[in-house]
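Naming follows writing order (A, B, C, D, E and F), and every chain is counted from residue 1.
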């Protein structure tokens, strides 16, 4: 991918950090399967499976660890 | 999502931190599948499966690592 | 849950820390499925499956990381 | 369990630390399924499955992170 | 493997760090299955499976933790 | 196992560290299933499965976190 999508891990709030973790999780998928048609077709597979949603939340949790550490946990 | 649901990772007690980890885990699911009808329909799938419950506990454990580190493990 | 079950991550020994990690792992399950009847019914499913037991041990390992860090690894 | 099996995370060498990580992984299983008969019966299930062995190695890796950190990575 | 492919974990930007995490994830596969023919044949299996793509993103997330820590999270 | 196979986590380069992570991952398997005949027989099971290869790469990623931290990420 040649577009610039990740210039910093710093976010203003924990919630923005969580949403960045979601972006990272989705980018991990897109780098592996760049075809948007395929990704669109696969969506019902995981969006309607409890275990797939838990697995998606797991990846977000791992990426949120990274983003939270980068932001010193937004301690004030 | 436009609502504000995560303004801080700091909690008064470890137990509140654990409950925040549960919130983070559920939000990871909701960002992926925002439709409450679908989530309600899927509930029996994982709430009655030992392996799904273990997987849910796993995600909570990962998020609890983040919250616990943010709170310096509530050391006094 | 309104009961107080987690007031500190500090334990006297690594073994007590490991047992706290088990408690955390089980609580992660109970928050997701609070019905003790269901949990009792599911027990044979995972207690007699090698893969389920490995998955349970995995969650304990993640929680033990948290408890061990909280206790500075019980270094003396 | 009333026996004392974990009094310290400190080991003399990385290899002993890795073996302690294996002990922790097995204890995580035994706390969940204490019956040695059942554990013995389940052994062929995972010892002859590539995926089960990878999962076992995964749990060991997580516990080894904890033990290695406790020992400051045995840096000299 | 005798070629040199990993001389540093330091990258100029978080995005390059994320791409290095992808490289690490793929190398983990290639060390286990070095035959490019087999890898090419397996590609449709995971590139068209939602759960496989989530699993791939999970591995990338773990490696990104390492790369991000190595770069002090690209804090300026 | 009585042979000495892990005397240090320190490596000269990140690549050697990655290869040590692979060794750790394989040792985790061998401690659980020491029989080389069985391991040899199981190899086609995971070496030809996309999901098994991803799982193997995942374990390597976890062990690489440990090795990279031990080496202070080979920062110069």
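Observations, loosely collected:
Note that in this section a contact is a pair of C-beta atoms (placed from the backbone, for glycine too) under 8 Å apart; a residue touches a chain by one contact, two chains touch by 3 or more.
These are the chains along with the protein names UniProt gives them: A, B, C, D, E, F = Hexameric tyrosine-coordinated heme protein.
Nothing here was measured: the structure is a model prediction, and the numbers come from that model.
If you take chain B and chain F together, no chain is in touch with both.
Looking at chain A and chain F, the chains that touch each of them are E.
Using mean Cα coordinates as chain centres, the one most removed from chain F is B.
The rotation relating chain A to chain B, fitted on Cα atoms, amounts to 60°, rounded to the nearest 5. Once the centre of each chain is set as its mean CA position, chain A and chain C turn out to be 27 Å apart. Mean C-alpha positions place chain C and chain E at a centre distance of 31 Å. If you average the Cα atoms of chain D and of chain F, the two centres end up 15 Å apart.
With touch defined as above, residues shared between interfaces to two or more other chains in chain B number as follows: 46, 49, 51, 55-56, 58, 62, 65, 69. Chain contacts in this assembly form a single closed ring in which each chain touches exactly two others.
The cyclic arrangement of chains, taken from chain A and going next to chain B, is A, B, C, D, F, E. Residue ranges of chain A in contact with chain B, taken from their complex: 13-15, 18-19, 22, 46-51, 53-58, 60-62, 64-65, 68-69, 73-75. Residues 4-10, 24-29, 31-33, 38, 42-43, 45-46, 49, 51-52, 55-56, 58-59, 62-63, 65-66, 69-70 of chain E are the ones that touch chain F when the two sit in their complex.
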